[in-house]
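Each structure below is given as structure tokens.
One chain, chain A, appears in both complexes that follow, with chain B as partner in the first and chain C in the second.
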Partner chain A sequence: MSTLEPVRERVRGVAMTGLRADLYRVLKYAALIAWAIFVVAPFLWALSTSFKSDPGVVGGATYIPFLEYEPTVDGWTALFRDTSSGGISMQGPYLSSLVVSLISTAIALFLGTLAAYGLSRFTFRAGPLGNNDITFFFISQRIMPPAVLAIPYFLLLRFTGLLDTHLGLILVYVAMLLPIVVWVMVDFFNTVPIELDEAALIDGCNPIQAFYRIILPNCAPGMVVATLLCIIFSWSDFFFALTLTFAKVQLLPPTIVILNSNKVPWWSLSASALVSVLPLVIIAFVLERYLARGTLAGVIRE
Partner chain B sequence: MLDSRYKHIFLLPALLALVAIIIFPLIYTVRLSLSGWDVNFPELDYIGWDNYARAIADGRFWDSMGTLYLMVLFCVVFEYLLGFALALMLWKEVTAGRFFRVLFIVPMCVTPVVMAVVWRTIFHETLGPMNDVLGWFGIPAVPWLSKSGPAFAAVIIIDVWQWTSFMFILLLAGLMSLPREPYEAAQIDGAGPIRTFVHVTFPLMAPITLGALIIRLIESSKLMETIYALTSGGPGSSTETTSYLLYIRGLREFQIGYTASLSIIYLAIMIIALTIFARSMSRLMIGRQGPVRA
Partner chain C sequence: MAEVVVSGVFKRFGPVAALSEIDLTVHDNEFVVLVGPSGSGKSTLLRIVAGLERQSEGSVTIDGRDMAGVAPKDRDVAMVFQSHALYPHMNVFDNLAFNQRIRGVDRKTVDARVREVAERLEITELLRRRPRQMSGGQRQRVAIGRALVRDPRIFLFDEPLSNLDAELRVRLRTVIKRLHKEMRRTSVYVTHDQVEAMTLADRVVVLRDGRIEQIGDPDTLYERPANEFVAGFIGSPAMNFLQGEAAGGVVRIGTVETTAADSLSGPVTVGIRPEDLLAEGAGDGASIRARITLVEPMGADTLVFCTTEEGQELTVRLPRYTAVRERETLSLTPRPGAVHLFDPETGQRLN
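Entry: the complex of A and B
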């Protein structure tokens, strides 16, 4: 009798899940769709707004073009017009943002992967501190609020004449990105067996060649994730761009925020916001492929 | 074994870069905090602990920290609950799962301050869609940005919109890395979905949950940009976070020495609070357990 007990339990369980499962599925999709709507709503609102002109805005919220308002492309053409003719000429800031984020990403990746490989393969000792402590030291730098560092950065960059230059901002971004690269890459290198390094050494590589010919290609997914995260963080930085650059160097986020306070019409504001986040939305699609495979799981377990 | 003569070539460049770009400026901040550097007197003199004494009596500073911690608490709790719920829903193979996953991580990828500019139009009292949509359900217009309560809520709504995605992807990655065997055992024991969650999924996820919470606590305590673009700390100083106040005091009013002392106090409190949180949470959730990796 008692041996049959679990079986009966399961049968009953299955019978109940039939109805329950349907209800659960309906609720689940309702929740997923609700969240999806919440996620896309700001983008759709901005997209709709970017095609409006005065009548579509001042009468209260409108959503659907042609039906509720007559669409124009004025918001979009303003992106390329000079400020003198009522435009916001986005090309300059766009190019600056591109240059600064790509260069700082490249430097951070170069330094960060080297360090992560070193930490994964060799034993370091500094008094009582070992590899884990050094790794933690790198990662713990993320704790530093930009607002705390902004003041010394401002003064130090002014002393060195790097205030309001691309180079000054790149230096700051490298420090901001390095912890991310080390964080992601140490774990990736740990998953590659050390026999691979040894085989490369036997084939006549020196350790540096072994690193970039053999190990790095084997960690391509990690490199992709690290690169994309670096681009997201540097492209999205506002605080340092606001406090360390003013006139000569103009990046996207401060440019758009300043538009916001300058009574620029909503349509060109929306268009500029959409254009500036578009590369990041594309990155999200690539990133999902790598992240959803559980690529980050080991990284979070500290 | 690898030739360890090379090891410093790998580690040192990054280590030196970090020390030069973060640790040295931090030490410099400590020195600045002992000076009276401001607009009228831009020099590195020595005034002892005066700045710290002033900071301790600065009500606005402590208020900003209270505001910050309250915001962070709300944000991280909502983000965790929503992110975990979404991750659980998309964990198993589901129809259109990839579509939802991609969509759900978009917010964490886009520039916070730029989205805050868009949100500001959404929260506009008379012209924005937020009050319009609430009106469809007969809810009277909310003064989103001109009353302190609603402004506080608006900041949290934006943060939850943006960073639930981050919690979601971390917890989803964690769920996908869980071993299969405990679930098979649970099924054989006839455990229903709720009991499986309580006794298997939740305990197994504890280390990942803790990691995700700590990462979010660290990142959300920097909260400043949304506030800059949305409310400028207002109305009054009801949404003023510590980072925002540091920016105003330091780089707007140029009270360099005083702001440096505020920064040091803020940083010390944050590190202590995070350490206590991490210790007590890991004891609560995981018990005494060493690091997973050797």
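Entry: the complex of A and C
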């Protein structure tokens, strides 16, 4: 019988660690749930508010539809109604925002990846300055707060006649996004061994083909990160959109903010806020699966 | 037909000369191995032939055509890298097919060629795999396959086996040798491993500090090294070097004498390979006496490490069944005619 003792010992040991593991798991989930509520609650609140009207908002917090407030889709239909009939006519600004942010993102990605590839693969010299200085120069564009740049940009665009145009805003955004792309992509290109470029060159590629057929596909996660950052920045920029466009071109963020006037239509404000995050959510979902793929594992024998 | 002529090539990185005065002709169908310690410039030379690096001076011609300004893709060379450099985002089939597709070869031909090469290298069952799903040896096989599919004029190998373990290295070495026997393509192979150099090469080029020390077939290099560096570099275990004194047609090493040219006099460095030291029994006077410090049975033969009375370390390769024990004393004599003499100052061969 004595031979059984250690076995029982072990079984009890397992039970103990099992209990501890359970406790740990409970705490872990509790923390995560708390955080999730903290993050999601504002969206839920906006969602509920978007179906309310005056009485449901001004009289204190109401939660349950039909019981505590009468749900209405007025907040949502107002998005598409003309301003003359009390709506905010969001389609125009929405489309403008999409066009401006997608085009500036595309241009910034195109120029930025090429610049980053060059900085990663070739040695540049300008007197005492080398590649790292050039990279820093790119990134340093972002040190200045946008407020400092607003007036120079304003004068620049007025001088070139691009004030209050899509093109002017796109140019400004490209300047703003380029450092992000260069910064992210230089890092990614540096992790791709140069032998891949060389193998491609010998296999029959010219340098441009080597870049987009071999190197770029292996930097997909970097491209995704850069794309997401660019779209987020350009889509949600308020400052330049406010200062550099007024009448002809109207972007989404200022349009929404301007709703905060004398009598705030909380329901439309909530609805437009929800609609405005939609593109980001969609893009994040589409691109997310490319993020995790560690395509580079096994390029070089570890 | 593919002849590579490298003439008067220098390569400088800033003030540092990586290659100096390189003259080398690789004949048609020849397998030439560039060997040397790290930093000897062997990879740089290969990369200049490939077009991945540009020489500071001198010229490279392939089949009489000057390669100045010719892009790597237009030189009709294929290269196998030390790091295999397979494209991680493609499976093996696409890796092998890539160079054909980019050159616009039609799909049917590409397909047939890839399958043929895969069969030849026994990697057919790997065709759907990604590089990261394979072992080091499999990856390097695929890398060799990628070069084979091309059927290029010239094969370049940049230390292709250096990252593999010993057993795989030997196995892939024979694969490469057999392929060369079958295909007969001009090949330039870089390695720091002198055994690889000796086993693969038609001719070996020994490099040190960016200069060619000697060019020759493996036997010549082994039997008549041009200088002390080559003598010490080629052969494993390395050649023994002893101090000797030449006078009147004789070189004296301690009490041992060997013949030499009459004109030779003064101190010389005597090189004797481990297998050229004979343990001919004890005591008859004219021998190098050395105490055994370590015995390494290798199977086919036995390596004996010993120290002479003057405190010099010697390595001796003895036949398999020689009964030797540590702390015993050996009486060694050099095999007649197998003694290499070098100038102690310049290191150049004297006999």
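One rule holds for everything that comes next: the second predicted complex is superposed on the first by the 250 of 302 C-alpha atoms of A that agree within 3 Å, B and C clash if a C-alpha of one lies under 4 Å from a C-alpha of the other, contacts with A are read in each partner's own complex, and residues count from 1 in each chain.
In this section, contacts are C-beta pairs under 8 Å (C-beta built on N, C-alpha and C of every residue); 3 or more make two chains touch, one makes a residue touch a chain.
Computed from a prediction, not measured in an experiment: that's the story for all the values here.
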item	value
Partner chain(s) touched by A:V148 [first = chain B, second = chain C, both, neither]	first
Partner chain in contact with A:P217 - chain B first, chain C second, else both or neither	second
Partner contacting more residues of chain A (chain B vs chain C)	B
Which of chain B and chain C A:L196 touches, first, second, both or neither	second
First, second, both or neither for A:N206, with chain B first and chain C second	both
Touched partner set for A:S84, first chain B, second chain C, both or neither	neither
Touching both chain B and chain C, residues of chain A	198, 201, 206, 295-298, 300-301
Residues on chain A engaged by chain B in the complex (per definition of touch)	6, 9-10, 13, 28, 31-32, 35-36, 38-40, 42, 45-46, 49, 57-58, 60-61, 63, 111-112, 114-115, 117-119, 121-124, 132, 134, 137-138, 141-156, 171-172, 174-175, 178-179, 182, 190, 194, 197-198, 201, 206-208, 211, 232, 235-236, 238-239, 242-243, 252-253, 256-257, 259-260, 266, 269-270, 273, 276-277, 280-281, 283-285, 287-288, 291-298, 300-302
Chain A contact footprint on chain C (complex, rising order)	50-52, 71-73, 77-79, 81, 83-89, 98-99, 102-103, 130-134, 136, 139, 146, 150, 163
Residue numbers on chain A that touch chain C, as the complex places them	193, 195-196, 198-206, 209, 213-214, 217-218, 220, 295-301
Residues on chain B engaged by chain A in the complex (per definition of touch)	1-4, 6-11, 13-15, 17-18, 21-22, 25-26, 28-29, 32, 82, 85-86, 89-90, 94, 98, 100-115, 117-122, 126-129, 131-132, 161, 165, 169-170, 172-174, 176-177, 188-190, 192, 207-208, 211-212, 215, 218-219, 221-222, 224-225, 228-229, 242-244, 246-247, 250-251, 256, 259-260, 263, 266-267, 270-271, 274, 291-293
